[in-house]
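Structure in structure tokens, see below.
The chains carry the letters A, B, C, D and E, assigned in the order they are written, with residues numbered from 1 in each.
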Amino acid sequence: MPSATASVPPPTRTAATRNLGLLAIAGSVVLALLGLIFTAEDVDQGSSVRIMYVHVPTAWVAYLAFVFTAVCSAGHLWGKKHSLNLDRLAGASAEVGVIFMGVTLVTGSLWGRLSWGTYWQWDPRLTTTAFLFVTYIGYLAVRGLGGTQRQRAKRSAIVALFAVLEIPLVHFSVVIWRSLHQQATVLRPNGDVTMDGLMLFSLIFGVAVFTTIFAWLVLHRNRVLAMEDAMELRGIDTALAARRSEEVSS
Amino acid sequence: MSASINRTFGIAKAVASKDLRVEMRSRVMTNQILPFAAIVMVLFAFALDNDGVLQRVAPGLVWMATLFTSLVVVQRSFAVEAADSAIDALRVAGVAPQGVYLGKVAALVVQLVAFEAVLAFLALILYRVNVDAHGAVLLVTTCLLGSLGIAALAAVYGGLSIAGRGRETLLPLLLLPAVAPVLIGATRATESAFGSDGARVVEGWPWVGLLAVFGAVFLFGGTLGFGPLTDE
Amino acid sequence: MGETSVVDVRDAVVLLGSFPALAEANVRINAGELVVVHGPNGAGKTTLLRLCAGLLPLSRGSARIMGFDIEAERSLVRASVGFLGHANGLYLDLTAGENLSFWGHVVGANREEVTAAAVRMGLNDRLLATPVARLSAGQKRRTALAVMAVRRASLWLLDEPHAGLDAAGRDEIDALLRDAVAAGATVVIASHELERSASLASRRIEVVGGRIIEQGER
Amino acid sequence: MSASINRTFGIAKAVASKDLRVEMRSRVMTNQILPFAAIVMVLFAFALDNDGVLQRVAPGLVWMATLFTSLVVVQRSFAVEAADSAIDALRVAGVAPQGVYLGKVAALVVQLVAFEAVLAFLALILYRVNVDAHGAVLLVTTCLLGSLGIAALAAVYGGLSIAGRGRETLLPLLLLPAVAPVLIGATRATESAFGSDGARVVEGWPWVGLLAVFGAVFLFGGTLGFGPLTDE
Amino acid sequence: MGETSVVDVRDAVVLLGSFPALAEANVRINAGELVVVHGPNGAGKTTLLRLCAGLLPLSRGSARIMGFDIEAERSLVRASVGFLGHANGLYLDLTAGENLSFWGHVVGANREEVTAAAVRMGLNDRLLATPVARLSAGQKRRTALAVMAVRRASLWLLDEPHAGLDAAGRDEIDALLRDAVAAGATVVIASHELERSASLASRRIEVVGGRIIEQGER
């Protein structure tokens, strides 16, 4: 049943992926212009508010990545074929998510230094974010446990479904525990948005740009993972040959 | 269906009583973990006396110790399965993994609650915490639900971590961040029960609600996930 | 023939780490056989038994046990086999009696069956009340075999069941296995004891270097 | 005499490097104890932020964690000997027990010092502790001597604990009271190094002297006592 | 006769817990003998070997090993015997090679001796580089026996040395033990394999219920 050859997805050198990459680059440039030049300074925070255009989108896209991981994992577990490709997509998405979450942490710390005078506060939002980050490092460690690809897929899919439950906790941490961190300003429960028009636009534009970057990275990473899996399967032949020659020689 | 559920609970009972019996024989909890926790509490009492800090720290300390204990106990509980490869026999017996999981959780909860009882009692004496009748009810509920949440999650990841040599290292990495909310909720509820920092008892109940939700979600997820996670 | 195959392993490759402990092995065993697996140390006997018990993942090839696919229907496979490895699978802190009655509870055997199995393997009341950790090597093995007898599996997989047993114990095992076969079970044992297993088994399988080099006639 | 001393040190070296290699393989320290300690420190920071308590508690926390770690590590270090009865082979080999003891202590000290380095570093960051050059020297000396004292005692009791089944449970009971003076001395010296509560660096050195005395006494006693205690 | 007795156990009682695993046992073994200890499971074979290795306290009676009193001169006794029990005494996280070279360091054997022992027990480079935990049962036993060979003890005490070994391995052990005797050592093994040990040993000791019921002629 487990087949000897992994299905390697189509090459990434297609027009679609290339355009996606170009779009990501162009978008980044526009976002930089918007963030650094066109948007106004904040009344209280001055220029440091510009960190927001990276900080908030990376946080949200990291959420998106983790949710995507969970969706792919569910698809793997409950799908008829138990597709390994979905498992690799889940892994790729989690890797990119961890990187984005790392960017959130770093930009948040820098911002904190500017607005609170310290890199780190033991604040619920910050702490839960750090835990979410650690959880997905744990998820990646589970992926690296070894065993066959099916074992890896099943194990990590279950862990992913547990891990995704932490996201609401991070999001609502500011509500549950009194927090220093910015309360929800955009995604408020009551739907009001309190933000200057261009700032809001830039923020949403940033989210779009980082989502494009995310998609582009996941496509490539997924392909690399598929090739690694294929290499691993090919390694079995080498190992079999080695064992045969050992038995002959001894 | 109901027969199979009965069977699952039968297995859970067998596994739980086996685990508790092993613990009674080895006495790791009573002779090893409890004294250590007690000494930590005494040392804290020395280090932080004379300034209300103590009462404030007490709840956090109790729950931190519980978390740590759950790690040790769950690791031991699966080490016992692995020692003479009993786990292979269990896997092959066609035993419902849900039964094994629920049994492990039950044994773990019993041990954790016993541990917390001693610790809470120590806190009352050492840190001069006062608990009234309402507070006591809150405290007991918190202990039960908090332990359930921790145990439900610890047993899942404990099962994952024995699946191969060297995997023990995963347990804290996976468990600690996931269980942190339970820890915080339980600590806040205990603060209310202890009246630390002027917290009132009624403030504790919403946290208990949160603990109940966590406990239920983890137990449900664990019952579903334990089998696939450990069946390799 | 296909229907009566209790074990049907084809071109199976099992990787332990990156080492192919089974390297395209082919085994077929019919219902009611008592088969012994021979081969040098490290040949893959234990790996073959563990694969058939559903304890190892298959990297390539296929394996059907009692008609169930070992990857897709693992839990059905596991429910119908009994496995005893090099280790005894006992809880060392519990007494032999407690171990037996735990397994009795788990598999739903009644008290008489448990007692009968203990008596059959020569475990007296003193031994039943002794923690397994304190038993002698042979007494531990006897306890493990009593647990197997309680299990009443339809496919018995035993890795060197005679290890550590005295002469009387070896005869008892042989009788136990013959009885199991008479009651309709299939038995596969791995063993290094050529003479004893030749007289016991109906067929011999020879494993070398992760492949089956001889299967005897069926 | 000197030949036999050389031989003892040779054995100590073999044992120490074997222990460290086992640890490197199993990574229990790096993947299991360290993350746990780190998260405890994080949670403490979370629980006790905003009120100078943190800096005051930090030294005690570091040493309490070290003590706990020494327990786990020494237990593992003897569990490794007991797992496949390697200890029997060692006993029968006519190996000088002094060599085994010194080797165990050395491996333990290396692991504890590595652990403390990480913890101290974490304390510096998380709790915003400031250490100047003199403080750093004091800190390093304290870590070395404190670890030596704990390790020298822990190894004796560790040996005792494997001499029979179930004795591991005795370990903390025996160890904790004996090690308390080391713990207090090390904590005080670290407080001086950290400048907690306005302590000055020079105030730390007398404590270091005390640690040196304890370390020497325990090491000497252990070297003499280890053989008789474990040879049954 | 007194001077050449390597093992001289008289009326020895050894209590495990409160159970007399040896109940007034008398054994005498001379230098250069290769003796096999037989007996049913739980008879006290392992206990006898462990007593002679200085690993168990004597409750009553006396025991002298290589002329040293087992209670008063325990460390001298231990220094001159080599002991292999039911367990292999290996560090499971270390590779077979690392285990061997650890023992080489401890007993002061040089690298050639260590390599020679490994080769003799059929451990190739791949096995030497594999962690012991991953070796097959027989490969572990081979490693343990290679360690014994490195030890060069004057009294070898082996508990079921053949357990888990394949046919070739059993012959290798027999040769190893014969060589040890030829080099002046005394060898005592416990075994359940009557035929094999009859051809190997110069004398047979029969233990039943903690007492020696037959010692053969010396």
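Rule of thumb we're sticking to: a contact is a pair of C-beta atoms (placed from the backbone, for glycine too) under 8 Å apart; a residue touches a chain by one contact, two chains touch by 3 or more.
As the structure is a computational prediction, the values presented were derived from the model and not from experiment.
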Seminar exercise, completed: Per mean C-alpha coordinates, the chain lying farthest from chain B is E
Problem set entry | Most widely separated chain from chain A, with each centre as the mean of CA atoms | E
Exercise. Roughly how many whole angstrom separate the Cα centroids of chain B and chain D?
Worked result: 28
Seminar exercise, completed: Separation of the C-alpha centres, chain D versus chain E, in whole Å, is 37
Problem set entry | Intercentroid distance (Cα basis), chain E paired with chain A, Å | 59
For this session: List, in ascending order, every residue of chain E touching at least 2 other chains.
Result: none
Problem set entry | Interface hub residues of chain B, defined as touching at least two other chains | 25-26, 170, 173, 176-177, 180, 232
For this session: Going through chain A residue by residue, note those that touch at least 2 other chains and give them in order.
Result: 127, 146-147, 151, 246
Exercise. Once bound in the complex, which stretches of chain A touch chain B?
Worked result: 77, 127-128, 131-132, 134-135, 137-138, 141-142, 145-147, 151, 154-155, 158-159, 161-163, 165-166, 169, 176-177
Seminar exercise, completed: Residue set of chain D touching chain E in the complex reads 7, 10-11, 13-14, 18, 21-22, 25-26, 80, 83-86, 88-95, 227, 231-232
For this session: Note which residues of chain C are touching chain A in the complex, please.
Result: 13, 15, 17-20, 23-24, 57-60, 62, 69, 71-72, 208-210
Exercise. What residues of chain C sit close enough to touch chain E in their complex?
Worked result: 16-17, 39-42, 46, 86, 122, 127, 134-139, 142, 159-160, 163-170, 192, 194
Seminar exercise, completed: Residue set of chain C touching chain B in the complex reads 50, 53-55, 57, 74-75, 78-85, 87-94, 98, 102-103, 105-108, 131-132, 147, 151
